[in-house]
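The two complexes that follow have chain A in common; it is paired with chain B in the first and with chain C in the second.
So, the complex of A and B:
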């Protein structure tokens, strides 16, 4: 969490621009399978960055972000159904996104007020329960169609295959998540949240508006997650409650952040990329062993790099710098 | 203690990972040679549908092993082919499933076997359909799979809204005529869709639907629903629940002396564990029978149902289920379609599947023009537990016992 106000170096700008050019060019050279992998990395990387807006700065680790993911998907899907086929699909998607954001904003504020009074494991469990409740509600009340599911219309843009189109939508989603994270980290809000993460009571005593800052981060994180849910459901074309209100989605966001490095912008994306490539490419064909090997790799990673890969790299760089200084002093 | 990972070690690990990845990715490509028919697909072998996923996988593997080892492959248009199965674990996750299916499409797999759960089957069908690949599946029956206009997906069961044709006909055949029915469902797509279809079908034949009762997806306590039943007791109680949930409901009905003249449980009583658990109390319970080993069918691969069962038991430790037999028959159906087409071209095979009319160890196979199973030919039979065994009570041409109605009360069953 160091260097909030450190200016972005020209090297970082250059690297970012290079990555962006590569990302934009990828759909025109990659195979559909590689694009689907990239889609997942972009989407879940973005969702993990969104999760980090609260969980990365503070110790408020949400174990129920699938609630917002599902809420967004259902809000947009149900609105799309109400609008009917006479409204163009692209307009239905845009209106669905806006509606999902509004619904999630309201729900996030409503749930945040009581839940953010809890800390640590109590907050985590409350969020887990919230996600479970939303999943059950979507299935219990027929109006939500969570049990029987519903189809979403196919979005088409001339000249782009569906897999390419959603790749670009997920890329934009990731860029927005990254942008918000970077802006927030460099703002008073980010500094305040970091103080909350270090010692909330002391931060409050020092005048940090802890409740407001936590609420703001929670709501932004929830709304971004809902946007991800909308795009995800449109990319699949059919969804039930089991498609989106899944505990593994909530847990994966934490896992990706831990593997890459919690509280960093690149860490969650790197974590998502590693885990998705590991489970779906490297181990994808090991029918009976993939879960075992994945588990072993995770245990090894958490043991060898408890701060994630970004933390590991930073530690290695720091040690190298210290060694250089010591060698300089000795000579 | 503060030992750093050396660059050599790090590079070694990276190299090993990349080599493994490359080798693993190369394996399926090597196998895709002439004379081999590859079947792809995904199954939830971990996650919430793992149990059924494993049953289906064993069915696929059994048929392929038999054809390769016992029959020396298949002859199609004068050429001998061996079969190869390339199933991956989708962990019941649609995003993972679609990605892995896309990989198989990119690798040139032409024939797919479906996953389990409509929320996984349908997104995957979108990919295979767009690529002009064929899917025959035994794990998804939501109406939406067959109403998208897809031409290349075939299902072994009638779509959910048509799955009750046989049952409704059975209710009509019962003497003395029942007048009222209540339906109990859980919060899942499968259960709710079936409950809707059951209630609608009952209304159509003049049965009064007293209540449609809803329970959580995992049933632990159905006492409030049972209290409603005791207050307004129907002639028939239909539970559109699956295995463990059905057992919990039956146990609580026994414990609370909630008696109905006929208890119809969609899935559950088919399992030996259910009948062993309830003992004599299970007698009289009626169920849908997607398949039962007492039904003797011929089979172009195995000879007949009994030969299939014998071979399966000789080569597997896992008990078979109707999903297992259905999965094996998916392979048989593919092979028969390829023989009829005289080709392994996916479009020719698709056309042959459209017209297929065969009998397998699972029963007759004939698809509607939308690709789901014919509701009469591939629809469920009706079974009733009598003397601890399942007897087929409907349709009449397959009947092995008369329907017991009204059934004795729980106390009278001993």
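So, the complex of A and C:
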């Protein structure tokens, strides 16, 4: 929508292009361990951006996005079982993705209609419960095979190692999430959602179709998360209810967003990078400390920099500009 | 020409009749004020016109359409805007962006939004503050932002809920000037206000409610010299 956002500057385009070139070159120079870390940052950074499509704009914080992550993975897994062995893996993956998106779309609409009537913490709790219920259902009813799980065929592309291949798939996934976020933020939908985040009743009064906008954001966010679930499961080569319906996935998406800056595009990715490097490299040998450190970081961020690192930098920059203006006025 | 017709409107909350058989009309390009003691039913009336409450019985007709019991956003689209007493800006957006949201999502349509925004900001004397964050405004400025946002939706009828409450004399005077300018720009205003000086200054017509019933209706001079109104609301100077 015109008038709300400055056009993307050539500096921003340049920086993005540079980062992209770096990201594309990385798999040819990095070690497999480094590459696996980078994979996680791309995938979970992308998921955190997808979470922000709803939570970042509207402040409807879903504590149960693992529901869609798992739903997508199970949809793809169950479909894969129905396909005969003659269907090639790449086609299986594509069909699985499409089926997962369709199933998640339907499920997201069905869940959103009652759940989006709740606000704040009630919405968060309802989503948390939804994710737990899906996990239990997949384990309890044998048709879903949640407890045994599925083995997924290995996707091969000549010339690329598996770790490189999935690195690129996750990179594409992240870019799709970023693209959607940027386009949405600059659209009428994004402006309306931002207003909903600041004051939903006022937004409705000014003519923003709040119900329709919230539903749209919820569904897009859910479908993207499902795509992430399918890609993740294929990268593992197997899946059970316990690998996808994980509460730590739901919570980490929020954590990454909070560390980097909720409602920004770079924030969730920076947050994902920091937390993944911190827990897996710095504390790589101290596995018992992960949760402790994660908790400490969360508490520190909420009290010291509630708008995340990006918000912190912005505030500092604004303060510096204001003091310069005042000094200029004084002299 | 009549913009708003309210016909024997009644609202019952369990045992309480907040509004009882009220009939009134609002003429185009006028400022009609509704006054009355606390609990007279002024806000209930407003809430029914803007769609937040459904009337128990009676009819509300706006611009030739029956809007009784319609959803708030649809009434907004028909051309009724509301400025709240407790202004609720989008605090992280600038003054200009706040108004632009209203212009873009209201009846103006996105194409004319920029021009509508500039005009609304100008009418409400906010041009020097256009780039300020709405969260940092004083209460007087916030009230005018609330009005600017309301008229940026290009309404036919503006419902203004106690825009002068809590303002000092200078701010009140500026606000009544703004209200007159809004009327002169072609927006009909229905005003609820306790500040009798302000009401006298801007109103083309005054309606007095007491305990849910209409007790007077006419020009400010006539209404405020009516004995029933003095007894119910204004009171007499202590001897």
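Definition applied: the second predicted complex is superposed on the first by the 318 of 331 C-alpha atoms of A that agree within 3 Å, B and C clash if a C-alpha of one lies under 4 Å from a C-alpha of the other, contacts with A are read in each partner's own complex, and residues count from 1 in each chain.
Just so we're on the same page, a residue touches a chain if its C-beta (ideal position, glycine included) is under 8 Å from a C-beta of that chain, and two chains touch if they have at least 3 such contacts.
Everything quoted here is computed from the prediction, not taken from an experiment.
Engineer: With both structures lined up on chain A, is it a clash or a fit for chain B and chain C?
Structural biologist: These partners fit in the superposed model.
Engineer: Can A:140 be said to touch chain B (first), chain C (second), both, or neither?
Structural biologist: First partner only, chain B.
Engineer: Considering only touches as defined above, state whether A:29 meets chain B (first), chain C (second), both or neither.
Structural biologist: Touch status of A:29: no partner.
Engineer: Based on the superposed arrangement, let me know which partner A:281 touches: chain B (first), chain C (second), both, or neither?
Structural biologist: The answer is first: A:281 touches chain B but not chain C.
Engineer: Of the partners chain B and chain C, which touch A:240 in the superposed model: first, second, both, neither?
Structural biologist: The first partner, chain B, only.
Engineer: So after the superposition, what angle do chain B and chain C open up at chain A's Cα centre, nearest 10 degrees?
Structural biologist: 140
Engineer: Examine A:198 and indicate which partner it touches, taking first as chain B and second as chain C; both and neither are also allowed.
Structural biologist: second
Engineer: In the overlaid three-chain picture, which partner chain does A:316 touch, first (chain B) or second (chain C), both, or neither?
Structural biologist: A:316 contacts chain B only, not chain C.
Engineer: Between chain B and chain C, which one contacts more residues of chain A in the superposed model?
Structural biologist: Result: the larger residue contact count on chain A belongs to B.
Engineer: Minimum C-alpha distance between chain B and chain C after superposition, to be given in whole Å.
Structural biologist: Least C-alpha distance: 18 Å.
Engineer: Using the superposition on A, tell me which residues of chain A are in contact with chain B and, in the other complex, with chain C.
Structural biologist: none
Engineer: Give every residue of chain B touching chain A within the complex, in rising order.
Structural biologist: Listed in rising order, the residues of chain B that touch chain A are 4-5, 17, 20-21, 24-25, 27-28, 45-48, 87-89, 91-96, 98-100, 102-103, 105-106, 117-119, 122-123, 126, 130, 142, 144, 148, 187-189, 191-193, 196, 214, 216-217.
Engineer: What residues of chain A sit close enough to touch chain C in their complex?
Structural biologist: Going by the criterion above, the answer is residues 1-4, 188, 191-192, 194-195, 198-199, 201-209.
Engineer: Give the list of chain A residues in touch with chain B in this complex.
Structural biologist: So the residues of chain A touching chain B come out as 31-33, 36-37, 39-40, 136, 139-140, 142, 146-151, 162-163, 232, 236-240, 242-243, 246, 248, 279-282, 284-288, 290-291, 304, 316, 319.
Engineer: Per the contact definition, I'd like the list of chain C residues that touch chain A in the complex.
Structural biologist: Touching chain A: residues 50, 72-73, 76-77, 82, 88-93, 96-97, 100-102, 104-107, 110, 113-114, 117, 149, 153 of chain C.
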